[in-house]
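By letter and in written order, the chains are A, B, C and D; residue numbering begins at 1 in each of them.
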Amino acid sequence: MRKVYLDHSATTPVRPEVVEVMNQYLTNNFGNASSVHSFGREARKGLETAREQIANLIKAQPEEIFFTSGGTEADNMAIIGTAFANQKKGKHIITTQIEHHAVLETCHHLEKLGFEVTYLPVDKNALVSVEKVKEAIRDDTILISMMHANNEVGTIQPVKEVGALAKEKGIVFHVDAVQSFGKLPIDVNEMNIDLLSASSHKIYGPKGIGCLFLRKGTKVEPLMFGGAQERKRRPGTENVPAIVGFGLAAELAGKEMAQENERLTKLRDKLIQGILEKIPHVQLNGHPTQRLANNVNVSFHYVEGESLLLMLDMKGIAASSGSACTSGSLDPSHVLLAMGISHEIAHGSLRMTLGKVNTEEDIDYCLEVLPDIVAKLRSMSPLYNSGKIEN
Amino acid sequence: MRKVYLDHSATTPVRPEVVEVMNQYLTNNFGNASSVHSFGREARKGLETAREQIANLIKAQPEEIFFTSGGTEADNMAIIGTAFANQKKGKHIITTQIEHHAVLETCHHLEKLGFEVTYLPVDKNALVSVEKVKEAIRDDTILISMMHANNEVGTIQPVKEVGALAKEKGIVFHVDAVQSFGKLPIDVNEMNIDLLSASSHKIYGPKGIGCLFLRKGTKVEPLMFGGAQERKRRPGTENVPAIVGFGLAAELAGKEMAQENERLTKLRDKLIQGILEKIPHVQLNGHPTQRLANNVNVSFHYVEGESLLLMLDMKGIAASSGSACTSGSLDPSHVLLAMGISHEIAHGSLRMTLGKVNTEEDIDYCLEVLPDIVAKLRSMSPLYNSGKIEN
Amino acid sequence: MYSEKVMDHFMNPRNVGELENANGIGEVGNAKCGDIMRIYIDVEDSIIKDIKFKTFGCGAAIATSSMVTEMVKGKTIDEALKVTNKAVAEALGGLPPVKMHCSNLAADALHKAIENYKQNMQKNTQN
Amino acid sequence: MYSEKVMDHFMNPRNVGELENANGIGEVGNAKCGDIMRIYIDVEDSIIKDIKFKTFGCGAAIATSSMVTEMVKGKTIDEALKVTNKAVAEALGGLPPVKMHCSNLAADALHKAIENYKQNMQKNTQN
């Protein structure tokens, strides 16, 4: 059976070049990067090269890159670290309603500890308004945390404008760039970003590694305690094979970005157009143009997302959904709800995120399979004829 | 040139079986373990198998194993998590002076937050006394954190006796088993361990992955916030390739433990005997018998550890030292100092930790090279003739 | 995630559809929560002669709906009332823990349909 | 970690040893900190005719000791006094940052030796 992986925003396969270099560091250059001997020095060299590769991609200095175990840890370190480092200045944080749980849950945690958090609303396309950010700023605001591109609907936020605002007001600006790093051009200086989270496994690098860009002079308390690694900011034996893989993945992503985005945009638009043409009662979620080149998010009315995923899976297509049923909770995606989409329609959402291996044939196959599946599920749905949730 | 790696307590190469299975999960079974589709389910299967493999090694239940980014994170999660979950019951923690920095620095951090920590002394062999633990227990003691085997001198602690004591007093018992996991038999029930930290890269598994055993019913606050992974205790996309590698490494370590320990003990004792016979003014650090099968730690009087390491390195031998100069600090190893060893002699310490690939020939080579190196450094040393630090 | 039996009932659901001449209809859940199950029964001499369902929901919701219809077709309504959500899940070889509470409601829908049938009968008798 | 030049001076240190007829000896550091450098000089007509060192310490400590002896051998003591720790590190092609403060003391030892030489001269003159 044809296998079509359309879940690249969840995770990606590791590209062959990266596997190769990782294997070298798993076996030959396996030393502890903090060791004095040749095994350690080899590892250290790989580590520092990776730091440069990653810094280059976002126009930062290598010393401003700190490796973490992934995007989640980077988000936690940025937000908790800034909160504790600045709590004497103020206890107010601004973020948005459509952040990843790694940001939202961290903010909820801080609320329990006495911090105050403003969760900004978004418009129907999931866009945050710069004006609303401005209005939310108070004298005791110490941090603005905002994602660059949304992981569910792909909407790209006005990060540069918010960065300018944050700089003007002297507020630390954190950007969760997990979905945009290696996919959109980022210049931390031009965008006035103080802290930026990235994760390797979204760009064909290994899982379990990410980084926090930490602008020189930005004060952040550490999240963990131990050895003096990462200039005392992040303890633990350095995960050199993964770091080296992340570095190469970042460099290659940067090189291929423009061309790959062009290619993916075409595929994406073909898939969106095809779905809108072939299937009735369907809507596109997220911004029509200001979106990641690889993101398609649609809602099929009258059907539920998980059953859609399962049927697609039986046809070899891997995708994801903002349906509550995929997570075992009762509420569907907080992102779709924040966009003003009803529970009913949010349940029927399908996210297809394209990647390197996808071809036009994949899209054709998907467009061939999807209408039947939607029709089958609708024929089982008690909602379909009743028109209850038509909008 | 012959290469002899004698720094297995710092880190190990990943064994071929593990590299192989990791590669499979980096490329083919690369899915996000939380995804509904077949790629996700394959990843989930690998993840849960690894959980079982690890649980088996320490006689725990799979649901009691939580994956972390390494030993450091596991230690932090155990200690900070227990402290915050129990602070209403009390704020006193007992640990020892010879713990790894991942424990010590975490305790120092808690002291800043109002917790009280007793750092128990050790005897000249680095042994903690059960009697002293008993005396240190107070009504408000909430946690005893103690390592199983010391990473520098290899001394094995009376964990079972302390476990019985902790259980009797109703105090949470955390064991940093990073150096003993897969090397010494562990039974978390028999030893009354509530929390146990382990790290994969010490047992021929990949770096960047570890776990915390968390006995059912033990209350621990999370260290990070985000997705619902690891039953809401540890967020972030699961590092499946590393976890699968860790699982296999743990299983194989368990299978080979008895035989490998026997083999290593012979090599270890040959190396120790050889050094004591061939080189004057040298002492063994750590317990003569109650020590890890792979640990040799000696001090050569009148010479400094880092230069020893560098000269060994030029001969292809990789080792480590408790000298301050290897870390860039001014004080040598806190472990050696806690054992009552003078600064001068601590500076001249050399740790050689054996592993799978080491052979008798490696030991012979080492015994051939070491005396000349020590002699050369002593000939440069202003201390050697003066006899200043003779003891 | 799902057992083979669940997947079979999900991919090849038994008794999907509506019953024109149903004398009992039961519905549980709502679209907001992501699950609606509607069960139609045609009862004759206290025996469920025919049964159909329509379900909006996840794999577990569809599979349990399908399974419950198979379990009670041809049975008396008293027997059908003894079928619990738990029994349906067991007949499917188990369900993932997260699904046990939110999507395992097919027996409830069946029971509602039987209740509805009984009410209809009462009304008929009263008229 | 260390540059090639540092490693060269570490593995093949120049001027190791003691000077029987030294007329200046300087020592810095102590064994507790892990670094002791002792420098012996033989000064004639204000010129460092011979110089030797003995060092207990890390790679940087040994390499800087060796380097400083090479830098000042044959130079006048005034020239030698102008040699700084920083200059020694630079002559070695740099040192790792953590080593700059704790193990880069060879010029200090040299200066102490020169001071000692001057004191000895004074004493000699006084007697």
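Just so it is clear, a residue touches a chain if its C-beta (ideal position, glycine included) is under 8 Å from a C-beta of that chain, and two chains touch if they have at least 3 such contacts.
Computed from a predicted structure; not experimentally measured.
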TODO: Using the contact definition stated above, find the chains touching both chain A and chain D.
DONE: B
TODO: With chain centres defined as mean CA positions, report which chain is farthest from chain D.
DONE: C
Task: Geometric centre distance via CA averages, chain D-chain C, whole Å - done: 91
Open item on the list: Taking the mean of the C-alpha atoms as each chain's centre, how many Å separate chain A from chain C?
Closed with: 40
Task: Distance from chain C to chain B - Cα centre to Cα centre, in angstrom - done: 56
TODO: Return the distance between the CA-based centres of chain A and chain B, expressed in whole Å.
DONE: 34
TODO: Give the residues of chain B that touch two or more other chains, as numbers and ranges in rising order.
DONE: 36, 306, 310, 326-327
Open item on the list: Among all residues of chain D, which ones touch two or more of the remaining chains?
Closed with: none
Open item on the list: Quick check: in the complex, which residue numbers of chain C touch chain A?
Closed with: 2, 7, 10-11, 13, 16, 27, 31-38, 54-62, 96, 98-99, 102-103
Open item on the list: Applying the document's contact rule, which stretches of chain A touch chain B when the two form their complex?
Closed with: 5, 7, 10-14, 16, 19, 22-23, 26-28, 30-32, 34-40, 69-73, 75-76, 100-102, 105-106, 108-109, 199, 201, 206-209, 223-228, 235-242, 306, 309-310, 312-313, 316-321, 326-327
Open item on the list: If we count contacts the way the header does, which residues on chain B are in touch with chain D in the complex?
Closed with: 302-307, 310-311, 314, 323-328, 330, 332, 343-344, 347, 379-383, 388-389
